[in-house]
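Take a look at these structures.
First chain A sits with chain B, and in the next complex the same chain sits with chain C.
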Partner chain A sequence: MALLLPWILSIPLFSIVILLLFRQLSRNQQTLIALLAPIAGLLLLAPMIPDLLQGAVFQQQWQWLPVLGLQWTFRLDALALLFSFLIFGIGLLVIFYARYYLSASDPMPRFYASLLLFMLAMLGIVLSGNVLQLWMFWELTSISSFLLISYWSHRSDARKGARLALTVTAAGGLALLVGLILLGQVAGSYQLDVILSKGPQIIADAQYPLILVLILLGAFTKSAQFPFHFWLPNAMAAPTPVSAYLHSATMVKAGIFLLIRLYPAIAGTDLWFSLVSLAGLLTLLTGAYFALFQHDIKGLLAYSTISHLGLITLLLGLDTDLATVAAIFHIINHAVFKASLFMAAGIIDHETGSRDMRKINGLWHFMPVTASLAMVAAASMAGVPLLNGFLSKEMFFSQTLHQSVLGALSWLLPLLATLAAVFSVAYSARFIHDVFFNGKPIGLDKIPHEPPRYMRVPMEVLVALCIGVGVFPQWLVGDILLAASTAALQQTPPAYSLALWHGLNLPLLMSVVAFVAGIVLYINRKELFLFQAGFQSTLAIHRFEGQVQRLVQRCRQFSQWAEPGRLQWYIAAMLWATVLLAGYPLLQLNSLQGERGLLPTDWFSAVLVVIMVLAAMATVIWQRQRLLALIMISVVGLMLSLLFIRFSAPDLALTQLAVEVATAVLLMLALYFLPHRSPKQSAHATLLRDLILAGSCAIVVGSLAYLMLTHQADSVSSYFLANAKSGGGGTNVVNVILVDFRGFDTFGEITVLGIAALGIYKLLTGIPRFKPSADADGRSWALDAHPLLLRVVSQGLLPLALLVSVYLFFRGHNLPGGGFVAGLVTAVALIMQYIAHGVDWVKPRLNLQFSALVASGILIAWLTGAFSWLFGKPFLTSWFDYFDIPLLGQIELASAIAFDLGVYLTVVGSTLLILANLGKLTTRHKPEHRGQI
Partner chain B sequence: MELLIAIAIGLLTGCGVLLILRGRTFAVMLGLTMLSYAVNLFIFVSGGLTAGAGAVLGASEQYADPLPQALVLTAIVIGFAMTAFLVVLAIRARAELGHDEVDLQKPNTRGGA
Partner chain C sequence: MFSLILLAVMAVIILALCLNIWSLLRGPAVADRLLALDTMYINSIALLLVYGVYASSQLYFEAALLIAMLGFVSTVAVCKFLLRGDIIE
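What follows is the complex of A and B.
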């Protein structure tokens, strides 16, 4: 039967998908689909009930991230069953109710989808057998609650209320996550079963206080406990079905559920006593007190909910097994009567257009049936006998009498409990009297009348339950309460009786006192209202919004300071940081000189280096004359490739040389589009500042280079040298590394190359036209764009260059060369044709899709890698062998050749895609009046 | 020789940084190119300076370190692609904005060629 558990969660998901996919369904059909989830859920639960009442625990588990201790675990015991009942049962009624509550203009699928998402999340919390998994669903309830509160997103109070609720509950959720992780570490597992069995060990741990506080932070924020209660009244901006479901019956109970769930693991200490009971007591009192002064019906109900949540928390804080039973009982009762009261509030709002109790009076004459139902529910809230609220309140009173939480002052607790009950009676009386009697309605927009027949049905069911449980408690909820309490405590609770009449005793006296005093208080409410009006009250929501605005402003100020929109500033900051970070360790060293033997200086290399450095400096000095600077920087590149040859890197020299040609062409093209000279603009101070930074960079990098050059370090290179021939089948180790050992890196690199080329292609399409018709000195472009000599020479060079590139390609595995170099040589040869003949001449002769070339290159490289999967080997496993072919002799075939072909094609395609497209622009934007100066 | 190379790397870096800090896109491109020369040279010599050897098996007595060479080889090609991307960004910026300044904050000094 445990196999059914995941289905309970999947059915809401299924309904959500259907609802969102088929938005054109009628309202009734949508309601039906939404109803499917709770109905199916209840049906799935039904066969498991007998076993669960006997104390069975169903569990279903899958591995998810076992390394993190994260398993998908669904666990159903009697406590989870009770909460699932509440979630499904009240969910069912709320969905039904919402059908009539929402107006035709409200998007129904979005509402039901969010509501079902919430239902799923809530079930996830209840059914989780792993605390990390529980936490994920916990956060999902915060998110779905946010979506539901802000359902009427055009209203500013809805948006603000949603933001406040999300901020408070999600912040608490983060605390909870830390708490649960610590809890799991102490218990040695995140599985609920293990944690529940390790109670004494957890409590004895040094981290216990921290764990407890963090978990309580999560639970208290979620369950709107003082001092985090302020988000709940603001969440009343939500549609009333949402308030009925989330903010009275289910979501706010999640925090309490968590406390009950973890009760055997973390309760039973003095710290638990003081924190939980104090928070509960304060919440109970403040909630009850402020509820009386609300003019909004939903506001009154919200504060009343806070107060009742406080009552439940206080019971848990009393830390006796019987108090926990009472807490669970009150959870059921409160859910039932408060949901029906919210539904009444919704009906009143729906039929009168107002929720202000100063306006809506005397509704008894307009809607007697609704009024009777609401009055029964409100009486239950006040704790009138024969109703369910009375029973759990009596249990609460008797528990407050049997405790010693406050030591010698423990007698205070029953007194304060009675005081809270006085206010509870008073606000219930106000709800009944002010709304249904107390004269005539004032200034209503419409004449109130009874709601549609079926809108009342959910209320009728709930009120029937109020009375049923009130009269026959043992018969209706006795079994499940016992089983749930047993599951929560992990042991059978002491004997108790769920009877209506316990004889004349102290709790009954407390009830009577509360009832009489409450009525007296309500009659004399005028004085109290005047007293309360004397306080300057700032609403929590305004304070919160003020804080949010301030935070936003601070962030803006900070980002304006840190991000002034000046590239030079960023670069300077980054470079200074680098200089300091890299320079500081250098200060710790005694000397840069290392133990490695130095290479004697020869005049050839020295000349190369000197020319290179001089050219680099010339680039800087002449940077404002751009063509000159370009030539100078090419000299630097040329010297660099010669240095590569000098220091035994022929592959690099070839690549650098080819890239140098391509870069030169690229920068020449750039100069066509950019100004040819830079105006003198840097102030002397700026120049000095930059010179200091550049000098510091030069010193640090140069010192680092010298340090590195003079020290011997162990390198992994010997591995590549030893294995290149035997493992990769090639003697050019550089190439073998590229296409074999580190083939995956190369694959990534050619992908980057392809992406850069495609990005450039995209950037160049749709570029605004502009036509420089002459150079900086006003000279127009050369009339003979394609000189004869260049045409002839380049045409003759093409086959030679192609031949060279083929040669470089094939010898690359064993001698300097390879796909990169060959690709660059081919690309440069083709670019030469563009330069010599122009785009119009080349295009019909070379009909190549460069982007396709790039794609095919990457694809070939990938296929080469994927090919090894066919043989059960990892991606890019290489293969090579030698064959004897008549006439040609022994020939080596290697998979690396195919990979290198991919590299070759990508390089050719990318280079041409970049340069040919850029070049094409110059042609398209050719000056219109040629020959006229 | 090592000292000479280290000085060259330092000076190339300094020149590159100075160019990058200029206010015009073309100078920044030159600076980045210069910096990539410096960085490539730096990575290349991290294997130590070897003269007259190469990394081809059987072609010489001792071998140059092949790993930095492989790293730098791809770096050169990707460096080209990145420079090209920057060039095209600069061209596009010039075309859209009408000037080639790096910073948008100083409208008073704006101006084309």
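What follows is the complex of A and C.
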């Protein structure tokens, strides 16, 4: 049956995918799909219940990263079963309820998907048998709760509340991670079973205090314990179903779950005792006190939740087995009554348009059924007999009586517990009296009425449970409570009785006192309100937002300093970095000269080099006359290609030539957007600075080149040379390296190329442009935009160029050529048509989506790579063979050809995407000067 | 004998390249420089072809072909820019 465990987790995932894929489904269908997850989950759990109640533990695991102690382990025991019930059961009701709560304008799939993601994360925590895995799901709850709290992302309070909740819980999560890693190291394993069995060893370890504090930090932030409680009230900006789910039964219980789960491993020391009970006590009191002063119903419920969480924590801190049983019992009860109260708040908000208790009064007359349900739930929260809240509160009282936490002052604890109960009664009374009685509604936008029939159903179920557990506790929850407590403590808890009547005893007296005092307090609340109004309190959210704003400001300042938006600055930074990083190792060497001697110079090459140097110098000197500089740099490119050929690098020469022309065209298109002459000479200091930088670069790069060329290093090239034919089926080593040996690199490169082209295309929109009506010397432009001679010649050029590129493409595997050069030649030939005929002529004749071309190129390359998976080989395993075909002779077919086709298409698409669109841009915005002189 | 002639031819073509760069640097008009660049392309083609014959290899002919084709595009683009201020319209 353990095999079913992963399914429980994957069903919500399945629903999420369906919801996000089919967004056009009706609201009812979406609700049904969302409901599928908890229903299926409960059905899967059902057959395992009898065994689990007997104390069985189901476990299943897979190796993930065994080196790090990381295993996928799913572990289901009675404690996990109890929490799974809460997660699924309340989740089911909340999903149903949300169907009626969300308005037609709220995107339903996003809501349900986030909610189910949260459900999955909670289940993950509960079912984890490995603490690292538990932590991952823990973080997932933080993230998914962020998405849920900020669901109404147009509201500023929702965004701020979500940010605050995420910051606090995620920071706690980081502390938890460190704590769990240390815990795992001390225990020797990250598996929960091992950790639970090594309690004494962990406690005896010197690192125990650190581990405990870190884990408690994680648990306390998550469960909103003092002093981290402030995020919870601000999270009330979430839609009410979210609050009903996250802040009653699940998210805030995750921290408590963790404490209970690790109880056998880390509890039972004085440190645990003082930290946990103190935090619990403070939370219990502050929560109960502040709840009374909230005017927002959900605010009241939020502080009440904080207070009840404090109660549970305090019970855990008391560190007796029976207190832990009481804590687990109160988790169930609190989840049930608090969820129904949140739902009541949602209904009231939905039907009156307000949550302010100063406005909504006397709702009893408008919605008697909802009012009755809410009053029962509130009474349970106050601890009225015959309801479930009463039982666990009695257990709590009796536990406070049987402890000696504070030594001789231990009598204080029952007193403080009663005080908290007094406030609890008072705020429950306020919830009932202020909302449902106390006069008439004030200034509401609409007349309240009962909600849709089915919106009340989840509340009815929960309230029925409140009463049912309250009257028949042993019958309804006795078994699971015993089993869960046994699983939590790893031993059978001492005997206790779940009954309504324990006779006239001290806890009952405390309840009665709390009840009477609470009512009296509520009646005299005016004085208390006045007293509280005397405090000037800044809200936590405002302080937090101030910090966030300051942080954002700092980051902005930093990024403005590091990223001033000046190209010169970036290039200077990069070049200096190169000079320093590459220059420093040169200082360590004795001599540049390696073991290889210099080759004799031939005069032809020397002359070519001189021409190249002259042209390069002219480029620099004429840099301010941009067209001239462009012509001079073309000479440099041409000479470089000739030198490549001279020194036996035909591949490089071909590529250099093609790139040269494409760049020249691109630069000329860019020149259109620039004035003909660039601004005047820079200041002398700037000039000197730039000279120093350029000189240093020249020295370092020149020395490096000399160093590399005179050293005989053993490089991978000999391997490539030896294996190109046998391993890749080609004699052109450069091409075989590109499409075969290092095919994965090439794949990455063409992807980057495609992304860059798309980015440039996007950047091209919104460029300011200006076209003078005459050239730099004042001559007006020629009249003929597309001279006849040019049109005819370029049309003739196209098929020739295409032929050449096809030739280069197919030959590439064995002789110089390949997809990249072929692509550039094709692109240049097509650009030529744009130059000769104009955009308007080309467009109907070449109806190509360049971006689609880029995408198909990358896709083809990927498919070629993925194809090898079919044969169980790794990505991009190449294949080639020779076939004898009549007439044609022996033909080689290689998978590399298909890959090269992808390269080809990407190059053509990217180049045209940039050049043709830049051309279109100048065309579209040309001023109307045609036909004028 | 034949190879000597080829070497001599290459020397003359390289001399022509040197004159081209001189013309390029002297100007004075942009059109003059552009013509010089175009001539440089043509001389490079010639150099490659002769060198290919000299080295008895066909590899150089493709580079020459590419220079012929792409150099033309480059020259045309600059001409278009000079005449119209915009090469694709």
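Everything below uses one rule, namely that the second predicted complex is superposed on the first by the 555 of 933 C-alpha atoms of A that agree within 3 Å, B and C clash if a C-alpha of one lies under 4 Å from a C-alpha of the other, contacts with A are read in each partner's own complex, and residues count from 1 in each chain.
We take it that contacts are C-beta pairs under 8 Å (C-beta built on N, C-alpha and C of every residue); 3 or more make two chains touch, one makes a residue touch a chain.
This is a predicted model, so every value here is computed, not measured.
Trainee: With the two structures laid over each other on chain A, which partner does A:Arg626 touch: chain B (first), chain C (second), both, or neither?
Mentor: In the superposed model, A:Arg626 contacts chain B only, not chain C.
Trainee: Could you say whether A:Gly838 touches chain B, chain C, both of them, or neither, answering first, second, both or neither?
Mentor: Second partner only.
Trainee: Does chain B (first) or chain C (second) touch A:Leu642, or do both, or does neither?
Mentor: second
Trainee: Going by the contact rule set out at the top, does A:Asp106 touch chain B (first), chain C (second), both, or neither?
Mentor: Neither: A:Asp106 stays clear of chain B and chain C.
Trainee: Just to be sure I read the superposition right, which of the two partners does A:Val661 touch: chain B = first, chain C = second, or both, or neither?
Mentor: After superposition on chain A, A:Val661 lies in contact with chain C alone.
Trainee: Please work out whether A:Pro650 is in contact with chain B alone, chain C alone, both, or neither, and reply first, second, both or neither.
Mentor: Touch partners of A:Pro650: chain B and chain C.
Trainee: Under the stated touch criterion, which partner chain does A:Glu460 make contact with: chain B (first), chain C (second), both, or neither?
Mentor: neither
Trainee: Taking the superposition as given, does A:Pro816 touch the first partner, chain B, the second, chain C, both, or neither?
Mentor: both
Trainee: Same chain A residues contacting chain B and chain C, which ones?
Mentor: Residues 630, 650, 669, 671, 815-816, 915, 918, which sit in both footprints.
Trainee: What part of chain A is in contact with chain C in the complex they form?
Mentor: 604, 607-608, 611, 614-615, 618, 627-628, 630-632, 634-635, 638, 641-642, 645, 650, 653-654, 657-658, 660-661, 664-665, 668-669, 671-672, 771-772, 775, 781-782, 785, 790, 794, 797, 800-801, 804, 808, 815-817, 825, 828-829, 831-832, 834-836, 838-839, 915-916, 918-920, 922-923, 926
Trainee: Can you name the residues of chain A that touch chain B in the complex?
Mentor: Its residues touching chain B are 564-568, 571-572, 575, 596, 598-602, 605-606, 609, 612-613, 616-617, 619-620, 623, 626, 629-630, 633, 636-637, 640, 643-644, 646-652, 655-656, 659, 662-663, 666-667, 669-671, 673-679, 681-682, 690-691, 693-695, 697-699, 701-706, 708-710, 712, 715-717, 720-721, 724-725, 731-734, 737-738, 742, 745-746, 749, 752-753, 756-757, 759-760, 763-764, 767-770, 776, 814-816, 820, 824, 907, 910-911, 914-915, 918.
Trainee: Using the touch definition up top, name the residues of chain B that touch chain A in the complex.
Mentor: It comes out as residues 1-15, 17-30, 33-34, 37-38, 40-42, 44-59, 63-67, 69-70, 72-74, 76-85, 87-92, 94-96, 100, 102-105, 109, 111-113.
Trainee: Considering the complex alone, what residue numbers of chain C touch chain A?
Mentor: 10-11, 14, 17-18, 21, 24-25, 30, 33-34, 37, 40-41, 44, 47-48, 51, 59-60, 62-63, 65-67, 69-74, 76-78, 80-89
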